[in-house]
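When the chains are written out, they are named A, B and C in that same order, and each has its own residue count from 1.
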Amino acid sequence: MSNTIIWTIVILTVLGLVLSLVLYWVARKFKVEEDPRIDEIEKTLPGANCGGCGFAGCRAFADAAVKAGNLDSNYCPVGGSDTMKKVAAILGCEIKEAAPLVAVVRCNGSCANRPRTNDYDGARSCKVKSSLYSGDTGCLYGCLGCGDCVAACQFGALSMNPDTGLPVVDEGKCTACGKCVAACPKRVIELRAKGPRGMREYVSCINKEKGPAARKACAAACIGCGLCEKTCQHGAITVTDNVAYIDFGKCKLCRECEAVCPTGAIHGVGFPKELDKEAVKKRIADRKAKAAEAARAAAEKKEDDNG
Amino acid sequence: MDKVLISPSPHVHAKASTNSIMMDVVIALMPAIVVSILFYGWAEILVLAVAAVSCVGLEYLIARFLMKRPELFSGSSALVTGLLLAMNLPSTSPWWMVALGALVAIGIAKMSFGGLGQNLFNPAITARVFLLISFPVQMTNWTLPNGFISYPDAVSGATPLGLLKEGLKSGESIQQILSTNGFDSMTTVIRDIGGSAGEISALALLLGFGYLLVRKVVKPWITLSILLTIAAIAAVFHGIDPAHFTGVNFNLVTGGVLLGACFMATDYVTSPMSNWGGVIYGIGIGVIVMMIRYFGSYPEGMSFAILIMNCFVPLINRAFHQKKYGRA
Amino acid sequence: MAKLTFSIGGIHPADCKLSRGCKIETLPLPPKVYVSMFQHLGAQAKPIVEVGDSVKAGQIIAEPGGFISAYVHSPVSGTVKSIGLRKDLAGFNVMHVEIDVEGDEWAEGIDLSPELVTAIPEDRDFILDRIKMCGVVGLGGATFPTHVKLNPPPGKKADCLILNGAECEPYLTSDFRILLERTDEIVVGAAIMKKVLGDCPCVIGIEENKPEAIAAVRASLARLGYPGIRVEVLRKRYPQGGEKQLIDAVMHRQVKSGGLPIDVGAVVQNVATSLAVYEAVQKNKPLVTNVLTVTGDCLPVDRMHNYLFRIGMPLSWIAEQAGGVPEGAVKIISGGPMMGKAVANFDAATVKGSSSILYLGEGTRRRQETPCIRCGRCADACPMGLEPFLLKKLYQYGDPAGLEQNAAQDCIECGCCQYSCPAGVPLLDNIRMAKAQVMGIIRARNAKK
């Protein structure tokens, strides 16, 4: 009996030793030489394998970065600039500083603002819906509300608000990987600069129809009136195809556009204080009056000079 | 009409739904159920009731509370599983064994894979095999209680296949065993002697299967290929050595062959999708059944054969595709 | 005689040809028509009239916008009120020409008399030119410009012209009615197209559920005596009228994946197209009218109609002529219940290819989707031999290579899979997306080459 046990142990031990030697030999013989920096970079990366950088995963990104030797065309939106600095240190190259971005839903078409004109009964997919028809509201451009973006988000940063029927971005979780932007067939979601302390200003509408049609479809639509464009002192706003767009690179967060927008299509988020529309409007009026005053004074001066 | 409905085409729909298909299967099982109740009486009613109620109940509880996805509950499909499980058990099974079987069928074989449509193995068969291995005494020794119809010649015993296995081991020839036990091929067509509820009447099972075929719920290919394979193998072996290998008729009507071929192997979820895949699957089952019957230690191998072939279904699906238009 | 049918898949929905007994009625003229510049497959037509121009019925108002495109004619006489974007039946903005109707004066050179002209012009180019200038497009659903289809590329020869009178879609009866009431004209149209295609044999395929039409066409063929045209009876089976399925049924040939019918020597034209060809060639009458069925499962039979309409009439206006939207209708469809489009904008204008206003009641509402039970009915029903359950899974897992391998691009969007699915899975909804994805990949690859 005890013999059996001893023999079992002996045979298994010998077998184990022999096989481990074989494995060791195979591992040595067939080892693929890889740049150790790839492993290093991969460890630095967030490891979400989300594909937000355009590569299949974090390792593919690391591989491409090492091959290129620089980070000109590689950026990990999830890790942000901190991670990129570390990666750059490993590679020994410089990186351009990029402002952190966040997904922004540019649609105001809540159930209250945008009455439903028909009932959609097909597959719950924005893609299917958008290829079929213009949508279950009068608006051809806005959110379809089937949640393709929510399904695309790997970080759980998006959720549908049942009251408005629109997706909501959880800024803490959003990594600006861009999956939702690609998933939205209407291109409602845009990646915008997060802004200082999360403060930012954006036009929450992309309806390109003329004012009356846009207004008819949705109470909070951008009607392309151009008031914001005229008000903006920083040249950040342009109106093309009946819809305004704020260039976040130029916006100084003065919130004047938000105050003058007649439909409330311009949204400011992250600001510590509620916008006092009247005060801002007064400020604009004062400034205009002053400007008019100055212009008149200048004209008078000119006349005086001439006279 | 205030708001029109919009959806992509098609805008009409065939009448059959998952529920109607499952109910068709229940209807198709009715003849066999009625016959089994007639022969086994109240005990059989108890087994059927316990199996049906515990399968439906367990599926609901697991979907609702364990998986927290109540939409996965499908009462009609759980009912079919329950009835099939009951048909696979002897009427003498104690209620706790039936309930345990239901737990294995629904909890392990079905819901743990993700519920309806996701399971790799046939739930009822899985439960039967589990019980067969765990409680071999209860599962293979059959005593006949007084049913609503009683027959005088046999009051207790093993299944014909079990008797054969024993007899062959002790060196008797098949003819001797059959004649000492008073079997002839006609009795087995009408009623089997002893066995699971579902094995009792070949005629009732075929009647139900005919209904499924007429309703186009199942296609005949899997069943046919199982039966033909069994018949072919039996014919060859019986032809070579009739003293040790049973014949075609005997093999087709005994054991769970008909129940398995008509109702268990044709289960949508665990059988191949294409016709040719079904034929391969059926041949596989037939071969394994006959190998177990002739050379294995178990008297009966239908459950094992189906379970083993269930494993190959994904592979078969991969190998056999529909014939495509314009891609000869 | 043996009835022909295609070899793979197919379903047997109830045919519901409730309006088969309604004679074709001519609609009065509405106060305004809106003529879409997207009446056909291919490039949008370019308007050549200006606001304020007065136009006559049958006058060209738009030119083809490309090789695959077609002329558009004014369906009425009147004044051009506006040219601009208007919503089509899916709610998308499409260029329309709005015309105020004044009287009913037709352009010169158009023969409006009912006499049958049986003498076929000798000159092939003349015929093709007439068909092109009259803006004839395929009326079987795809609205592909007919002159392009009747002019095979060099090196390809038609072995058979198939005239599609299957009308396999449930409910629709417009093709059936023209086969009964305009039989001779359709036969002459077939003879014209046959001639253009180099005198190949011609088969008129009609489903068995239209015995009156079969008899009428046979009688007409005997009377007119054109050689080489025959009627074949087709079994009632959906999608018998699909181009690929019809070629399989009639010629026992299958079009290769990605190929065209002409590759196997087939040209398929709808019977309504044949009528339009007749009118264009023999009467110089442009395609500005077509027949449309007003029907549905919630509409009493006495309110069903087969109307001869002019293009540009708003659907809602036609519906009013037929007594308005019936009680109980939840969905309005333009086209058949299997492949038709749900109407989101009922004020949309009719186009050349409009074939019906179909009201469906609660029964059309989709079922709650339940898990796939792998019954394989979708695969059995698919007339292209695809495996819809697999394609849907591959699409949802995001595997375009697998989709291409499993021939998602071959889908003809007939809807058989979704029709037959007992679990109510939106198979076609997903496969349509998959097909678009794979087609995009194939196009990109071909562009690279």
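The working rule: contacts are C-beta pairs under 8 Å (C-beta built on N, C-alpha and C of every residue); 3 or more make two chains touch, one makes a residue touch a chain.
These numbers were taken from a predicted model, which means no experiment stands behind them.
Colleague: Among all other chains, pick the one whose mean CA position is farthest from the mean CA position of subunit C.
Modeller: B
Colleague: Can you tell me which chain is nearest the middle of the complex, judged by mean CA position?
Modeller: Closest chain centre to the overall C-alpha centroid: C.
Colleague: So, what's the distance in Å between the C-alpha centres of subunit C and subunit A?
Modeller: 44
Colleague: Return the distance between the CA-based centres of subunit A and subunit B, expressed in whole Å.
Modeller: Those two chain centres are 55 Å apart.
Colleague: Distance between subunit B and subunit C based on Cα centroids, please, to the nearest Å.
Modeller: Measuring from centre to centre gives 49 Å for this pair.
Colleague: By the touch rule stated above, which residues of subunit C touch at least two different other chains?
Modeller: 331, 342, 344, 365-366, 426, 429, 432
Colleague: Would you mind listing the residues of subunit B that make contact with two or more other chains?
Modeller: 4-8
Colleague: Indicate the residues of subunit A shared as contacts by at least two other chains.
Modeller: 117-118, 121-123, 128, 132-133
Colleague: With touch defined as at the start, can you tell me which subunit A residues reach subunit C in the complex?
Modeller: These residues of subunit A touch subunit C: 117-118, 121-123, 125, 127-128, 131-135, 140, 209.
Colleague: Which bits of subunit C are touching subunit B when the two form their complex?
Modeller: It comes out as residues 8, 11, 13, 170, 244, 248, 254-257, 259, 325, 329-333, 335, 337-344, 346, 360, 363-367, 370-377, 379, 382-387, 389, 406-407, 410, 413, 415, 418-424, 426, 428-429, 432.
Colleague: Quick check: in the complex, which residue numbers of subunit B touch subunit C?
Modeller: So the residues of subunit B in touch with subunit C come to 1, 4-14, 16-18, 20-21, 71-72, 74, 77, 115-118, 268-269, 273-274, 321-328.
Colleague: Show which residues of subunit C lie in contact with subunit A when the two form their complex.
Modeller: The contact residues of subunit C facing subunit A are 87, 90-93, 331, 342, 344, 365-366, 426, 429-430, 432-433, 436.
Colleague: If we count contacts the way the header does, which residues on subunit B are in touch with subunit A in the complex?
Modeller: Interface residues on subunit B, with respect to subunit A: 3-8.
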